[in-house]
Structures are given as C-alpha cells and as structure tokens.
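You will see two complexes here that share subunit A, one where it goes with subunit B and one where it goes with subunit C.
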Partner chain A sequence: MVATSNDVMPDIELYQPTDATNALALANTLGRDGWLLAGGQDTFGWLKDRNKSPSAMIELTQVDAWKGIREAADGGIEIGAVTTLTEIADDPLVQSRFGLLATAAGKVASPQIRNVGTLGGNLIQDTRCWYYRRGLSCYRAGGNTCYADSPEGLNREHALFGSSRCVAVSPSDTAPTLVALDATMVVASEGGQRAIPAQDFFIGPARDIINMTVLNAGEVLTHVRIPGTWANAEFYFEKVADRNVWDFALVNIAAAIKTANGVIEDARLACGAVECVPRRLQTVENALRGQQRSEQLAEQVATLATEGAQPLNYNHFKIPLMQNLVKRAVRG
Partner chain B sequence: MAYMHIGKDFVPPDVPGKVTGRIKYAEDYTREGMVYARLLTSPMPHTRVVNIDASAALAMEGVFGILTADEVYPDGEPDSPGLKILTNEPTLVGEPVLALAAVDEKTAETALGLISITFERLPFVLDPLDSLTEGGDNAYPGNNNTFVFRQGFGIEKWSADQIASFRAGSEPTAEPQQTWQHGDLDAAFAESTYTYEGTFTTAGYPHHSMEPRSAMAYWEDGKLYLHGTSQSLTALANDMAGIVGVAKEDLVFINAATGGGFGQRARAGSIPSMAIPAKLSQKLNRPVMMRITREEEFTIGGARQGFQGWIKVGFKADGIMAAADLYIVSDNGGKGGGADAHSAADLISVLYQPDAVRFRGTSIGTNTGHRGAQRGPGQNQIAPIISPILDQAADELGLSRVEIRKINTPQNGDVGGPQRTPFTSAYMPEALDQAATAFGWDSRQSRRRQRNGSKVIGFGIGQGYHNAGRSGMDGIVSMGTDGRLKIHNGVGNLGTYSYASTSRAAAEVLKMSWERCDILNERTDNHLPITSPQDGSNSIFTNTRTCYGAAVDMLNKMKEIAAMDLGGAPDDYDVLDERVHRTSDHGIGMTYAEIARRAMELGGKFTGEAELPEDLAEWTQISVSRLAGTAFLGVYHDPRHAGNPPGFTVTCTEIELDLETGKFEILDMLSIGECGTVLHPQGVKNQLVGGAVWGIGLSGYERHLYDPQNGLPASTGYWQSKVPTILDTPANIGTGWVDQPDPENPVGARGIGEPTQGSVSAALTAAISDALDGHLFNAAPVTADMIINHLADVTEDAVPLAQNNYRG
Partner chain C sequence: MGEGIVRYKRDVWGEEVILGVSWDLLWVVAVAVLVLLAAHAIIMAALANRKMDKPSADGRRVLRHETIDRLFHWIMAISILVLIFTGVAPIIGLRIVWLDIHWISGLILTFVVIFHIIRSLFWQDFKSMILGPRDFAEPFDSSRKPGKYSFEQKGMHWTVTVVALLVIVTGLLMFMQIDTPFWDRTNSMPEDQLGLVFLLHGLSTLALVALAATHIYFALRPEKLFYTRSMISGWISEEEMTANHDPGKWSPQEKETS
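Here is the complex of A and B:
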C-alpha cells in the first residue's frame, strides 16, 4: 500500500455535450467509465483522491433540456435534474406549491455548494461513510468487510435500519422530501425512458451493495416529476446536523400532511440519514390517518418510527432524535 | 496619557493587498525553471520503511528526482519524537516519507504512484491510557511511549487496575511524570464546605489554518531564498538555517503574509517540512515549489493536546476556592507535544487564586497528529471544564456566578503559577464588572432556564488567561536622508496587525506622522532584528518594547547630533513635527532629514558601525552589520522585565438550547479584554471575535477522530473537523476592554491573543450546563449527540475517557 498525498486531478477525458441525444450517446458508449458530472460536488474529491478512476467525465450542465422548473398539467411540477439547488430553493412555483422541497433544497450544505450543486447530484450522490470515502476496501468498494459496523467502528453518522453488511446512510436532504411528495424519477438512456417512483429509485445494500440507486450504466437521471397530489399540503422539513452550514444531516425529516376539519386525512413522512435509502415511515403514516394533531398523538407515533432500529456503537442518539423529529413533524 | 498613535485605529499596510488579493503567500510565488514537489506520506500509523524502489518513477518523463530521509539525515534521524523533515519511521498516518520533484504536480503525483515502498507494519496506539496500560502498545520508536525533556525516550506503564479505576472516575494512583504544588492541600480541602471531584476529557483537534504550510525555495550565489510561512520571520529563520544546514547570513526567508499561525508556525522545529523544497532545490539545482494539500496540512500542521483528567476542587463557605488538585494524562500524539497540562494547572492557580494547588501530569504518545502549541495550549482546554464546576459551587453556596468569580479573581499584587510569579498588573475585577454590566448579567437572570416549547435559556460566564509578554529581543529603526522612519520588524503578518501596531510605538517616540513611516518586514534581507516568535500572546508586549527602545536610541542620537551642531546639551532638545528643536526656542533645530544626513557624515555609532548594544542576537548583528554605514540607525537590545504580564478576558453569553435536537443557538455574547493599554482597538476587537469562534469550536464541535482499527484519521478536512461556520456563531459578538496601562511596558500594553478562546469556551460550556439544570458533561466538546443521549438517558458502550474518538 502506497499513500500519495492526492489533491491533484488525474488525466481524464472531458466531454461536454450540448444536447440530450449526444449526452445519452456518450453515456451509452462510455458506460461505467463515463462519470456523469454536473455541479462536481461529488466528483472532484473522488477523482483527486484517486479513489474512483473513470476514464472520462460527461459534463451535463450544457444540456438545457435537463434544466429548469416547469408547471405540469396535474398541478405538479417537473424539475430538470441539472437544475441547481439554489434555483429550486428560490423558485416561486416550488415555494408556493411544494415548500417542503424548497426548504430542503435550501438546507443542503452551503450557499456556495447549492449554487453549483444540482438536484440530480444531490439525489444520486454517493454515501458519505468516511471509511468508504477514504478509499478503504469495504463491501461497498468491492471488498469483504465493513469498518463502520465493527466493535471499534466510528459509526456515529451511520444507519439504524436496513443494514446488510454495509451500514452507510443516504446523505441527501432532498431525497426524503421527494419520497414524501410521491415524486417520480425520470431516467433516460439511448434505449428510451423510464419513470421510477422515488421510493423505488433508492436501493439498499441488500439489493445492491455498490450502487445506491437503480440507475444502470448508460442511464441518466434527467427529470424529477412531482405530482399535484401533495401540492400545498401542510409541510414540515427539519435537518439536524452538527453545524448549521455544510454538514450532512445526523437525521432529517420530511413530512407532508393533509388535514380536513382538524383531522389528518393522509400523511407522508420520510427520514434521511438513518438508512441507506430515505426511510419512509409508513407505520407512522398509518397511525396518523384519521387522528387529530396533538402532543399525545405525536408522542404515540414517535416511538413507532424507530421500531426495529438497530443502533451501532455511537449512533444510539439517532433513536431519540428521530423520535423527536417525528413529534415535531406531527405537531406541525 | 495622550498619545499620537497608541490607542488609535489605523489601516495596516497589508490590508489593501489582502482586500485586493495582491498580497502574496508562499504558494503565489514562481521562479523561472521552477519544478513541483509532491510528498509520499505514510499510509500507516506506525511503520518502518524497509525499502524504497523509485526506479520506475525516476524513469518517467518529467521527473527530476526524489529526496529521502537517508539523504536528509546521512548520520541518522534525530533521536527524538519531534517532527522530522522526512522520516523512515513514521509514527502517524500522513507523515512525509519522501518527496519527488517533477515538471508539474500531476506528473509528480502520477510518479509517486509508481514508487514501491516496503513498509514494516509496527504496533500503534490511539489512546494514551491504552498505551499506559501494562502490555499496551507504544507509539514511539524503540517501543517507547513518552519523551522526557533532557532525558530522552522512555516508557511509562500503569497497572490495568489503575487504568480501570481512572476510567471509572477515580483519582489516578500512579506516580506522575511531573508535579508541582503550593500550599497545604489537605488542610485546604479540610476547610472546604463544597468539594467537587471527577474525571474529564478534552479533545485534541487540528489547527486547520487557512494557508497550508506550502514553501518554495531556490539557491542563488550560495544563498538560499526560502518562501515560506511563519508567525515571526526572524524567530523562524533563525532556527530554519540550522535545520536546512545553511549559515544564517546565507538564508533569505521571505514571508509577506501568513494565513494562520495559532502557535505552530512560531518556530522552525514546528515546520521542518519547509526544508524539503530547500533540500530538493539544492539537490536538483532548480527552484522547487512544494504545495501542501489540505489533508497534508492536517498532518503537518499539528494539533492541540487532548486531556484525560481528574480534578478535585474545594470551596470554603464564603466562596473562596480553597484547593484545586489536578491530574492530567495528556495526549502527546505521534511526534511529541507541549506542556498543556502544566498550563492548565497554571490557569487555575492564576485565575482563581486557590490557597493550595497541586498539579500532577503524565504525557503519553499516540500514533495521531503531532501536538504542540495551539491558541492557549492547556489554559483553554481546562477553561470549559472548570467553569461549570465553579457554577455548581456558586449554586451550592448560594452565591451568584459573577460573585464567586469576583471572590476568587486575581488582581494587582497577586501572584500565580508554580513559581508564585507576581503580575505586572492585573485588572480582572474591573473586567468582570465591566462584562457583567455591559452584558446586563443581573437583569437577564430572570430568564435563566426559562422554557419556550422545547427550548430552554442558559447563561454562562467564563474567564480566560494567558501569559502575555516576554522580553530580551532586539529592535532596529533606520532613517535615510529623506527623513522617513523605517521600522525593521521581524514580526510576521498573521492578520493580527501586530507587526504594524507594535511598529507604531517607534513612531510614537519620534512623534512621526504615520504616513512618513515605512515598516520593513516581509523578507529577512530587509535587515530585521530578532523578534519574539509571536506566540504565547506576547507580540504586543514584547515588540512594543523593542520598537520603542530602538526609537528611543534614535531619539537620543538625534538630540546628541543637535547639541553637537547647535550647542547645548542633548537634554536641552525635544522633538516635534519631525524636527529636533531646542526646548527653550523652537526656532533652533534641525529637521529629521538634516539629522539623518548629519548622522551619515558622522558615521560610527550613528550608523551602526560602533557602540552597538551588548547582547544583540546573532541574527540582529548580521542585520545591523549589513545596514551599517548606509543609514542613521537606532538599535536596541531589550533587557528582561520582571513579573508576569497577563492577558485576561471575560465572556458572558446567553444561549437557547433545543432539548429535542441537542442543538443550541448563541443568542448573545460579549467579551471584555484586559490587556493593559489598548494599542490598536480594531486589532483587539479582531482578537476577541476571532478567539470567540475558536472557543465555540472547542466547546461545541471540534475533535480528532482516528479509527481504532487502522489508525486512519477521519477529521482531516474542514468538513469532518467541524470548524464552526458563520451560522454557528452569533451575528454580533460584543467587545470591550479595560484599558489600564501595564507598568512593565513603555506604552502600557499587553497581549490578548489567546485567552478569548478560553473565556468563550468557559462561558459557552457553562451555558450549556446551565440550560441542562447544571448537568456536567466534564468534556469538551459537548456535541449535539451527547446532549441528546443525556436527555434521553441513553447509554453507549463507549470507553470512558477515550481519546481521539467521538467521546473525547
């Protein structure tokens, strides 16, 4: 093993297609060797540290068809995956109908990162497990161990649920939001297009220990469609991170609740940073339907949220934290 | 006293360059034919280099050569745990093993990947108590785990029972390496009405200064030109010459600006890596740039010592601190460390004036980042530990938290520390009053522990201290025939403005307009005197003395020349408006330009060719010898002063802590400095506010993380090391100062750099404890997860008193 000091870009080809057809053709040709580059916030660290070694980058930021926010006929919206997080956070349409997403997008990292970071990048970013990022040969990196899920592992930020050899978590702030809003991911390739429910877009280690989404080689996440179903619902988003800028969530929560005459008609809740995928809290949702918001209800459902949690050495705190966030979401 | 410059704001000359980006740091320089060095660093926490095969890399086009430890140390590496230029036995991950130079960085990085090194993996340890345990692994070469000054490497072991008992919260029973005591401890505890006893941890964490320790070097005509980084140009260059192996007169050290010193750019021994481009340049006969990455900076830049401690404090019924007993095992990291533990006890002795104090300490190496000075080393770690204990005592004894501090506060005439050193002056009572009044401490107390939904209000008051002044350095001022004053100042440009504000003492003496003064710094061939390393909060006190003294020497010579040419005695003359004039008749006199011309004609002592002060440092002698005969000179060697010039701060803060998230918001914060006469108000304000950000980090966020499985550091960047961000700090931090002159400084000034971090950390940790009904975490930092665990009564399987992980 030889340690280099890194922080220098390797030789790499750069393709800058200006339309979708060319971009998809390049993605098809290059396959896994073609690194999809948008804001670059989950790119340059990997490459400069030489822990990922693709032969080429396909920069997507010049593909206008994959940018922007459009109103949909059903009262929903469609967002190009290359739209920046700042644009989403500041967009009046998103703010007015889906304030949940505007809030979540505005909580990602820092203003500088949001100015270049895109929705697509935030959704398909790799996990932030520091062992994996350090370049260790863990399960996720193709090895045969998990350094975090060990008696001495530094696993304060790791998973409570859904572990299967790997205990890394989904780091995204927008992903649980889109699960709560029942969004659909539009994925394109040279072979065509497919639409995948947000909840099915993210996959855990039991199904695929290397990839965190269902994206195949040659496929590009081009758009996110949010149906009108949850437009103007009562929303709650909160991200608890060590610091108020830059950090990934210790736990975040996204909730959309519809009430009528004080009674909860329907609810969608999802938490991030507790599992490898955004964790939808269906037991909580079921328990909320038909109930009136109250402190007692909040207390009751909070414990449901963490049933089955399996804490590691240093992440026990995520259980009460997650419960508290559920309570706050229910209180509204 | 009415001053012309002292106590007034001004625009330091480096500010326009920093605002426009034109000022140059070491990385910004280039030189024709320059090549680029990259480092190959240790991938393991403790290892030995068995073999290096660089043949493939050296055969690569664009590669010029490598430098190894064997070349740097042909007679073997120094027998100490300290930082080496390069090493064949790294004792931490990331320690430089070899350097390679190539036509560009990309080529160099690729070539490094072709080097084959055989490493022998050696046992490593990350927690001092693990190493102290019988049979535990040892961090240092030769299977040692400690290094004792003047004695060398050693090994220190406690029984497993002793370690277990300490981890379980009991007083350590093993013999310490160091101890000091004053007063009758048993008697003092016997007098105590309230006694607190318990263990604590404070985390080590890295410097992470903005500017990495990059350097560029080239040789011309036998001289080494080294562009580097420092807190003080001459203090660093003085020792760097020896590290590189070049005569002092043949080293030109260039350093116009430094992006963060924090204690480990003070001396060359803290940055021997700057010798790498110097040595490589000498070998290759080409200029060499070595740009240090953020991750390398984590390793090369050093860190604060972590503490595993036990404390017992007794208070009499009237609130007087009767006794303090402190036992600290300090984490010396992979390359040896400082004397933080001793300084922690010193702080308690100084700030709270107990009748009896005992310090016991043992320093143990771990295979983690190298430790050393970091803003208030020792004083600032203990500040957040002791402050909530004081609050608990106040509550138990029925005193207010301001009262208990005033009862114990140091003041004029008091002494402190193991040597019972008297203060040069001390106005802490005034600082406490000023802080409490300006903050409205009493009127706010009605909100104490007030609930608003899930949030609760907490208040904290804290004090900080650091010794803030030295002496024994030199000063040089010169004047050309244009009558402009040149102040030769070796103090580095750290963003503290100290290089400029101390220079103003010289302008004050000669009543020069600031526009007619030039500060000569930035490079040692500006003929700089030896100056203090600008560490330990001492620049203001130390270098106003030297600048002032050199100007007084020039002033005396001016009067002597005037008397010589215009009659009378030197004492018959004074200065005003850049003229020396007869006191009895302002019309009789000479302009400074005329005086300087006359000095040049006279030569001898007036131009540095004779009658120089005795005891000038070698570096100053070289500078003066090069100036001799070229300008009218004032030269001064500063004698030693008596007493301890303290820097004191007091901070008050109000926070709102969310009981459901463990997060807190700082609603208000105010710090008062007690640093003698304020030399430069904006400079003091900057120190108070900058120190506050550090204090917030110490209390709430920053800590080393090392993986026990492989010794890898997990907190190498700004993201993982949790340096506070703008939204973690209050929008406004109030500042103020006492502004009472210190008699041991000619303009009454003392330093203030370090204590603010301590007082802020003390206040913030006390406020967190206050919001949680007085719960003591006995730790720094206190992070959100710790607060949640406490509130939810969650217990983890974490090892008590652990170091270099989430819980210590």
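Here is the complex of A and C:
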C-alpha cells in the first residue's frame, strides 16, 4: 500500500515499438494489461509508490509518426501525442498561431518534466487526488467510498462541479487549452481511427468513475489536431498553483477570444482543476458574444462561471479564484 | 484482493474489510439461468404432445387482477428492469450516466412496494398468497388444484419479496452515501459496514437478475400466457380458471366486459 524503501522494481515486460502498426498491434494484444508509457511523468509516480503494478508496458516515444508538429491545410496544426511539452512551448508555429497552447505547455510542472513529458501524457494523466494516488481503495480505485469528501477529508484541491461520488479533478494544463481551441483528439487502434472533439474526450465519474478519458483498451491517442478557426485569436492562459513551478493547478483558465473593433465576436473559455473534466464555460461565452470587451463586462460575466458550484469543506476559495480568473481573461 | 463470492480490500487503517460481491458471479448467474431455462424449454417441448389441449380463452371471463394491482405490477417490473440495467451497465463497461436513473428507479420501487404491502394487508385477499405446508404437495399431486395462486406463483412471489426488500433496504443505505437533491452525503459509514451493505446489495442484485429472467421466461411460456394476459387486461376465461384452479378455493368475480 504505502511506499517502502526496501523493495525492488517489480518485473514488467517492456515493449518498445518503433512504428505505429506494431504499437497498435501490441496495444490490441495486451489490452488493459498493456500500460501505455510516454514521458513516464505520471507512470513513474505510480510505480515508485507501488500503487499500480502493470505487468507490461508499451513505450510509445520511439514511434516517429506520433512525434512532431505539422502545419495543416486549414491554417491549423497537428501535433503528435508523444511530442514533448518543451517542443510545443518552444515551437515557432505554435507560438505564432496558438500562443495559448505554447503558454500552457510552458506552465506544466518544471523544465525537466517538460523536457520528457509529452502532450499525450499531460492530457491522459490520471487525477492527483492524494487519497487515490496513495493507493487507497476509493471509488476511482474500484472501492465504494470517497475519502476526500468525508467529514475529515482534505479536499482543498478537489472539484467544484460535476462530482458523482468521486470529487477528483483533471490536473492537466493543456486539456482546458485544447478545449478552448476546439481541438480534436485522434485516437487509433488496430481497428482504425476515430476523431473525438477535445470536449468529449474527457469523461467524468458519472459516466466512468475509473477512467478519465473515452480511450478504450487497445486505443492510443496518436495526434491532436487544432483547427485554423482560432489561429491568432486573442488568448489568455493563467494557472494558479501553490508554487510557480512543479505544481498542479488549483485552478487554471484558457480563453480564446475573437474581437472586431473592441466587440467580442466569439469566445471559448475553459477552466481546469475544478471538475473531473476541463470545464467549458459556455454561459460565459454566450454572455460575451456581441459585447464590448470591458472591465464592466468582465465583472458581469465572472459570476456566471461559478453558477452551480458545489464546494466541499476546504475548497470554497476556488469560487472567487475562478471568478477572478474569468475576469482577467475577459479583460485580456 | 482475492476473488471468490466476496471481494475484500484494505481500509484506510490497513485492515482487511469486505468490499462487495465478486461481479464475476454475474456471468455465472447469467449462464446458469440460461442453461436451466433452456433445459426447461427443451423438456417442455419434448413433453408437449403428452399435454392436454389448452383451455379456451373464449366464453365467460373472470377477474384475476384489478387495474390498480396491474398498474403496480408493471411499475414495479419497469423499475426493477431499469435498476438491473443501470446497475449492471458500469460493471460490464457501458459508459452511461447511470446513477441518477438508478436511485430514482430505486425510490419508485420503494414507494410502490410500500404501497403494495399496505394494500395487500388491508385491501386484498392476503391469505390467497400465504404459502402453507399443504402447498408443497401441490407439484407432486396432479389432482390438487390451487386457489388463486399456484405453489410456483407463491414461491416466486415470496422469493421476490425477500430479495426485493433486501435490495431496497441496502439500496437505501447506499443512497445515503451519495449526494442527492435531498441531502449532501456525510460519507461517514464505517468501511466494514459499508462493504457489508455493498455485498448484500450485490448478492440480492444477482438473485434479482436470476428471478427476473425466470419470471419473464415463464410469463412468455405458451401454457402460462393467459396469466400474462391477465396481468395486462385483468381477466382469464372461466375455462382457464377451472382447468388450472380450484373454484372451491378461489371464487373470483365475473369480469365486466366493456
């Protein structure tokens, strides 16, 4: 259960395919027993604490087809899922058209982690609820209780919205960004490929209390496509965490706003770390369209963002925090 | 942790406690029920030519179930089927938003069962459903005919009663562990007690799956279809009644025809 220092790494079959066909064949053959490994920044924590013990791993970082950033015909870009966060943050094309993603990728954890951590890994990573990560048998781990939402539960980092028995949140900085950019996740398996809107890629505990994405056994997230629709819009990303580096967001916000003569034509906003999925702020978006971008407007729409919030014992602070982030995003 | 009938886990203090029923049993129950019902269907088909002709549905009709009782039956049937589907869906990996539908169906079942208990005690002929020692001779003596309900029907009713009450009581205890429009959960039930509740709920669910499948099978059997019809339209023919029941033990009213 708890990490100990006198044991050794368990035996794991390590597969290192170098092409997509082999990787998908392995994923299909091994199914749920085949742990998909990219940068390992989520995986190694689980292994070190002995709280997950996969019998086999498929390392995806040697598949060249799933690396790199390419320009798409519609003015958008396609990013391979095993592209590192540093590559994304530093890429001139991403910086020039989708600065929102470059900023978000540059805010993940620390430089060392971004050097090995991948976009796919950052999107698919498991939740950071400390009860769950400690190996307790909570709902998400197949049990029948939630330790975080109990009388003594410490739930400062947990959900304001959409909890269904489990109150864990999505920890990703890039996930709300890709929702705001209306990205599409390309998922492949031996049976073929499917493209899923970013907003539908993540699922909450009401639909699946164990998995945080719609990925099925044998499926691999191979690419992320960002359409040209939001290229060069006005972007805002902010992450509030307990420390400036190497930490997960208490709340983060990603906003893409198109304006003409100071009037907002269209907007997409999403918050992370307030729900098990990136929370798209559609009521705010609706209120923004057709309005003059101003301080007054920012004040007006901020409260819309937190309507329906159900704070736990220790996370009421997330409500004003989220409202302030919305204000700052709208102010620009 | 080890899988048998019961699954175990370590609680927050590291103690081994019950987690719930092993859901592998769901497949065991499904296969066992299918095999038994298929065997029954084959044996009945083989014996079919030895059976007497079916009694006619024509002629005078007698009232078997009042409208309110039929309504109760179908509401209960739908709620149980919805409960089974929504309860089993996450176990077999269907990603649906099941929990709200599940507890709403559970509350509906609870209310109709309470209604039925009160009505059966004060307004219905409760004695007609009592299963006494003499009823056990009925399957072995073809000259014995039952009153309103046969031995098999009484047996099914009381088995469903026990299982449904168990699933309701444990379901209500589990209901208190989730957030609802009526309250915020306290999540304070000790894990060993919670595990026991989950285990009993799981076991009663498995029993309910078996009973529902068996009940539907018999409701669709050709020789029993007139009972199913009576649960829809309320009546059976006088000929069906005299062929299957003892008028000395059950003297129903004539069904008014519209």
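Please note the rule applied: the second predicted complex is superposed on the first by the 324 of 332 C-alpha atoms of A that agree within 3 Å, B and C clash if a C-alpha of one lies under 4 Å from a C-alpha of the other, contacts with A are read in each partner's own complex, and residues count from 1 in each chain.
Note that in this section a contact is a pair of C-beta atoms (placed from the backbone, for glycine too) under 8 Å apart; a residue touches a chain by one contact, two chains touch by 3 or more.
Since the structure is predicted, the reported quantities are computational estimates derived from the model, not experimental observations.
In the superposition on chain A, A:S150 makes contact with both subunit B and subunit C. Of the two partner chains placed around the shared chain by superposition, subunit C is the only one that A:R165 touches, whereas subunit B remains out of contact. By the touch criterion stated above, A:V214 is placed in contact with subunit C alone, subunit B being left untouched. In the superposition on chain A, A:R328 contacts subunit B only, with no contact to subunit C.
When the two complexes are overlaid on their common chain A, residue A:K258 makes contact with neither subunit B nor subunit C.
Contact comparison for subunit A: of subunit B and subunit C, B touches the greater number of residues. By the touch criterion stated above, A:H316 is placed in contact with subunit B alone, subunit C being left untouched.
In the superposed model, A:R293 lies in contact with neither subunit B nor subunit C.
By the touch criterion defined above, A:A206 reaches subunit C but does not reach subunit B.
Residues 1, 136, 147, 150, 153 of subunit A are contacted both by subunit B in one complex and by subunit C in the other. Touching subunit B in their complex are the following residues of subunit A: 1-11, 50, 110, 130-131, 134, 136, 147, 150, 152-154, 156, 238, 240, 242-247, 250, 313-317, 319-321, 324-325, 327-328. Residues of subunit C touching subunit A in their complex: 9-12, 14, 19-20, 90, 95-100, 177-179, 185-188, 191, 194-195, 198. Taken in their complex, subunit A has these residues touching subunit C: 1, 136-137, 142-147, 149-151, 153, 163-165, 203, 206-209, 214, 310.
Every residue of subunit B that touches subunit A in the complex is listed here, in rising order: 38-44, 93-94, 105-106, 108-110, 112-113, 115-117, 119, 293-296, 454, 660-663, 701, 705, 707-710, 712, 714, 718-720, 722, 724-728, 783-786, 788-789, 791-792, 794-798, 805-807.
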